[in-house]
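By written order: A, B, C, D and E. Residues from 1 in each chain.
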Amino acid sequence: MLNVKDLQSGYGEMQVLWDIDLEVKEKSITVILGPNGAGKSTTLKTIFGTLKPWNGRIEYIGQDITFLPPHKKVELGMTLVPEGRHLFSNMTVKDNLYMGAYLKRAEERFEDSLELVYSLFPRLKERESQKAGTLSGGEQQMLAIARALMTSPNLILMDEPSQGLAPKLVKEVFETILKLKDEGLTILLVEQNVFASLEISDYAYILHEGKIAFGGTVDEVKESEEVKRAYLGV
Amino acid sequence: EQQPTTPSGEGKVETLYFGAPISLSGKFAEEGKASLEGMKIAAKWINDHGGIKVGDVTYNIEIKAYDDESKKENVQSLIERLATVDNVKFILAPYSSGLTLAAAPIAEKYQVLLNSHGGASDYIFEQGYYYVVQTLSPASRYQTGFLDMVKAKDPDAKRLALVYEDGEFSRAVHEAAREYAKQLGFEIVYEKTYPAGATDLSPILNELKAANPDVLIGGGHFADGQLLAKQLAELKIDLKAISILVAPTFTSFYEALGNKAEGIAGPAQWEVGVKYSPEAAEKLGIEWYGPTQEEFLSAYKEAMGEEPPYQAAEAAAAVLSYAKAIEKAQSLDPAKVREAMNDLEFMSIYGVWKIDPETGKQIGHEMVIIQWQNGEKKIVWPESAANAEPCYPMPTWDEKEGGATCGS
Amino acid sequence: MAFVEQLISNLLYGAILGSVYGLATMGLSLIFGVLRIVNVGHGAFIMVGAFIAYWMFILYGIPPLISLFLAIAVGMAIGLAIYMLVVKRLVDAPELASLLAMFAIGIFIEEFAKQIWGADYVGYSWEIGGVSMLFTEVPFTKLLAFASSIVIAAVVYVWFRKTKIGKAVRAVVEDREGATTCGIDVSRIYALSFSLGIGLTVLSGVLVTLFTPVGINVYMGGEYTLKAFVIAVLGGLASPWGAFYAGFIFGLIENGSYTLLGLIPGVEPFGLTRFLSSVVLMLVLLVKPTGLLGGE
Amino acid sequence: MRNYTPLVTLLLIYAVMIAIGQGIQGMWQPIMLVIFYIAVGQALNIFLGMTGYVNFGYVALLGVGAYGMAVALGYYTDLGLIPALTLGFILAILLAFIVSMVVGGIALRLRGAYFAIATIGVNEGIKYLILGGKIWGGSSGIVLSGILRKAYGAETMRFLSTVFADAGLIVVAILSGVITMYILNSRLGYGLIALREDEDAAKVMGINVRRYKQIAFVISCILAGLIGATAWTLKLTYVFPQDVFAINYTVEAIVIVMLGGAGTLLGPVVGGLIYALLKYYLTIAFPGMQLLILAPLLIIVILLFPEGVVGYLAKAARGTRFEKFVR
Amino acid sequence: MLLKLEEVTKRFGGLVAVNSVSLEIDEGEKVGIVGPNGSGKTTLYNVISGVYAPDGGRIFFEGKEITNLPAHERTKLGIARTFQVPRPFGSATVRENVAIGAMFGRANAGVDEALEMADRYLEMVGIYELREKEAKLLTPLEKKLMELARALAMKPKLLLLDELLAGMNPQDINRILDLINKVKEEENIATIAMVEHLMHAITKFAERVVVMHQGSKLIEGPTMEVLNHPKVVEVYLGEKLKIG
């Protein structure tokens, strides 16, 4: 579904990513693991287009999307749950969700998406008319995922969705991600929670200092003591 | 620098620069442009008529102009540049009293002459500057002629109202006019100011209406002057005579107001159609100098494509006065030229030029009063300069709405 | 009695004036609200609108109300051009960098206008009579200015609050990156808001000429820039209709207080009305630091 | 690790400017024009650059400073020259102090743009109070040259309005620079930077943000008052309200700070040089067209250096041996 | 007793974010604060550090009432905190950021001294080599480490950490926990409270745990005891802890 080849990118003059190759298969969960600062978020940002790639090629459902701006990618069914949430703080929860369904394609499915979102996160329904900026950290994370779902995506890029969530919710978020997969979505995940994410993922990449150090199925990761010790610190 | 140009048989011909920090941008840009053109016409006339002779050197005049953007800081550095880099000894002051005042200390410092052609305020000449002289009539005389005229036409018109902009120039004009009016026996029934940049004068005009005046004087600059006229019409405040500063002297005043402008009068330093001429000069027994009205008019029209406003004439007169004074002094030393000015008297297109030796203030020149009559700007006062009778009382707003004009 | 009559007619005129003040501020607020740009060149765009009204009337006899449409179109085109050439490149720069750019653009427009139109004052006279109401005479042109201001403000309000694109503008204001993930083309929203803001400003210039038809001059805008700033804050800055509402109040204060200040001896009441509006501004901000209609 | 070496650069620039002004015919007034713009930029920078707050009422402080001096010289000539001048400086400082304490007390409770534009109200308010209330001559202003000449003679008057006024302005300009440098190196400076970046976090960090903002505001305003007293009242010898409360000076000061780089010592110097010299030479070369040419040039500079020229240079110099001299 | 809250309440409109919470923290304690998202932990910190004034109740620090003291004065008394979402002084360098903490915190250092302290604490948290970088250019993690250094440089008596460890990998978490323990000994920061959702970190660090729920204190006590309490499992953990 998503095919990344020789991707390079960075900030200003500083190169962060070096020749990243990765592939995301349809209706799967792929996780990118790696130490802090390895370039995981940068990878997602470059794929989504918040950052311009320096080099390389990104293919999505057979199309070359390397230099498409982000909003065009959303139109094609890709979206990002960014690190740091980026909610519309002074708008209500409901309006945030409404904005998620901004594009025509998503707007048509507004009711369905809303139902799905509220069933996944009943707490959001309770807080429907509260301003997003005043939600607790965890509530905000839920809203960020929910808003992304409102774009009725096929591929969701998620940057550390479990960060800052209560243990009970962490579990729920991972379960939700699994459910999303069951709903037919494809997920590219960046996580620090190695155990939980390996539990739910199908494929895993390990990023180290801006390069892919390992790529394969989850089982391969689990079996390789070396990978675990060298890159995952467990 | 004074460089020798075509040396001729009888003596050297050199170029003499007159400096002009003038507003080509900013709020005085229009006035500045007209002034500069007036200067150039005067300079050209002088050059065409033998230049200025000092000893056996003939000087041709050239105007060295810089744009001061209507800002005081710029004026100061430009005066210095003129006085030092360009070695200019005779400066035509910038437009407006404020800028002239900013120029004065620097001119005084470098002991170069500063001739005010656009700074009317009296106080410039009450500061004791020796090198500053005035060509135009001071502010205190702007509205006095109009009051004389009303008095002459209608001794019964007693109730006078003043509505003017709260700025140093219009305040100087109207405070002097108020005192003068009292001497003439007017009763001041209403006097209020409005701040510069007002967009709606109705609060004042509603009061004015209640005061029921016969005659109104007021205004300040262009925009507020037309606003005053416009709103007088809208609120249908009828008066026997109205004199507004500055605004009515522009043709766009009539273009914009149409026949609502009928009968509205205003003071002007000069106007197309004034009768100053070599003959008039002869009658008074003073010398005539410079182009005739026709020559001036056609030269200006040729350059600018329109009739000259008074700013052009007063600036031209300033140039002429320098030329006259230099010739009289037979020297290029500013101090000597200044001294020569003390008893210089001559007439030009602009009228009589004569200063008070003590202060440098203009005392020879007289203001004219113009009035819109039948779509034309007529000179109605003083009688010696007039080319039409005053239209008095002016038609009411209702009559004008019915199409009445001053001629009909 | 005369006092009350005058007060009432002053308030009437104040309301009319205020509506145009308000409209002349909306564009400023919109641009500030969305792009955080303080448009110090605001007045130059008002001037452009005034000249549009003038030329349309002089050349083709087109009344200013019709010119409104042309004005908003021309304004939006100018706005778009400025956005593409300059503003777009400064979106990520420090806030005040764009202030400098707008200052330069304002100067450029004025000086450019001077080259083609000259620095002279011009004007036109659109006479359609008047009506006697509330102890005073009011020309129809002013009533029309009043009515069209209200209509335009209402249209903008509805556009902003009720349409999807209006909401997208708000979303971009809140969080740019978040908006991209929703599929909003941020650059387009910026371009749209900026050009709409300039469009509204140019349009308000047309209505201004109904007040000072002969005060049309390339440097006429400065006065309005200043006033618009004050009104914008009073109204809550980022909210265009807050600006409209505040303009209204401002007009009422300026004209209404005249009658009262006139009771003080030895002062110039008209000047003091301006002083009073500054005091009111400070007081409002003391009580409600985000302006009358500002958010929290 | 306090670093005062950028002051060397600063003083060097002033030395060169003064040398040029004195050495080359006709350059003194242009140099004074540059120094005037540098001074307004430098004084504004102490508040704007360090706190990130924009004081749109800035020119009002130059205005009250100008009035302070004018009132002393115009109304208290009986005191004699030196006492009247001293009184003038005291009044300029005092008026600026009072206005900035009151305005700061009220407006500094506001954040960001609300503060910025609320302060425009201050400028307008003071101007119309003087006009409407007919205070200090109202719209007729205070014109001093005659008074000074009568009281102290023409020579003294000329000395005051040329040599003394210019020297005074240079002192104020350099003083503003030195104060800026001192602040940048002091706890005050660090506190201001913190509150500029995140006011709430700064509070929790132990910074009394209200007080710090107020201190920077008052210092900036007093220096502005002194500029008004020297560059306007003494040099021009008159004060008119329409003139000294003209908002364009505020905008120009902001432009200068942004051109050079906000929050830096040399920013206003470089900004003032660029702005004033460009304008001056364009005026000479293209009279009447200079603004039309200046405007695009300003846009180009800001597009190339959005953080100001010195902001850019300081970054570029980082890690080189020039680092110490640029700030 | 270092810190004492008496029935502190904080409302936002209709929402009671902190509901009559009483709490005591003794000198030298290591306290964990946990609770579901939105249960009021951060708000509690905000009330203690003076960002918000409480709507009810009283707060004491070292026996002195500080309920109405402005934030900056509380800092001077020795309360320091980090932010859940890092709040660096973006355009200042990392070193300057930390120095600001040293200058205005309880340490009350002069400029030169503060800059030296900054270097030391940056070294301690392991980002010394970033010290000349503008703070806004750091990654979220680096920002968090910088915030920790900044808080330590203040030499507080009470250090409030708000989800400092979120987003760190297991290796880093262990390193930082060790560091905090070390600092506690060496720098005389006797008392530390830690809000975290990471149970392995809480169990490793805290001696005592306070559980918040819907703005109220649900339960408090020794760490393992509390975390195994059925109610805590129900509202917060979802399932019994596997660790320990």
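Some points to look at:
Just so we're on the same page, a contact is a pair of C-beta atoms (placed from the backbone, for glycine too) under 8 Å apart; a residue touches a chain by one contact, two chains touch by 3 or more.
Please read all numbers here as calculations on a predicted model, not as lab measurements.
Note on connectivity: the fewest steps through touching chains from chain D to chain E is 1.
No other pair of chains has as many C-beta pairs in contact as C-D. When every chain is reduced to the mean of its CA atoms, the largest separation from chain D belongs to A.
Distance from chain E peaks, on a Cα-centroid basis, for B. If each chain is reduced to the centroid of its CA atoms, chain B and chain C end up 36 Å from each other.
Taking the mean of the C-alpha atoms as each chain's centre, chain B and chain E sit 76 Å apart. For chain C, the set of residues touching two or more other chains reads 111, 268-271, 273-274.
None of the residues of chain A touches two or more other chains. Pairs of chains that satisfy the touch definition comprise A-C, A-E, B-C, B-D, C-D, D-E.
Partner chain B is touched in their complex by these residues of chain D: 25-26, 28-30, 32-33, 36, 128, 131-132, 138-141, 143, 145-146, 149-150, 154, 158, 161-162, 235-238, 240, 242-243, 280, 283-284, 287-288, 290-291. Touching chain D in their complex are the following residues of chain E: 49-51, 70-73, 75-76, 81, 83, 87-92, 96, 99-101, 103-106, 110-112, 114-115, 132, 150, 154.
For chain C in complex with chain B, the residues that touch the partner chain are 2, 6, 9-10, 13-14, 17, 111, 114, 118-125, 127, 130, 136-139, 142, 208, 211-215, 217-220, 223, 254-255, 258-259, 262, 268-271, 273-274. Remark: chain A residues 48-50, 69-71, 74-75, 79-82, 85-91, 95, 98-103, 106-107, 147-148, 150-151 touch chain C in the complex. For chain D in complex with chain C, the touching residues are 48, 54, 56, 106-107, 109-111, 113-114, 116-118, 120-122, 124-125, 127-129, 131-134, 138, 247-248, 251, 254-255, 257-259, 262, 289, 291-292, 294-296, 298-299, 302-303, 306-307.
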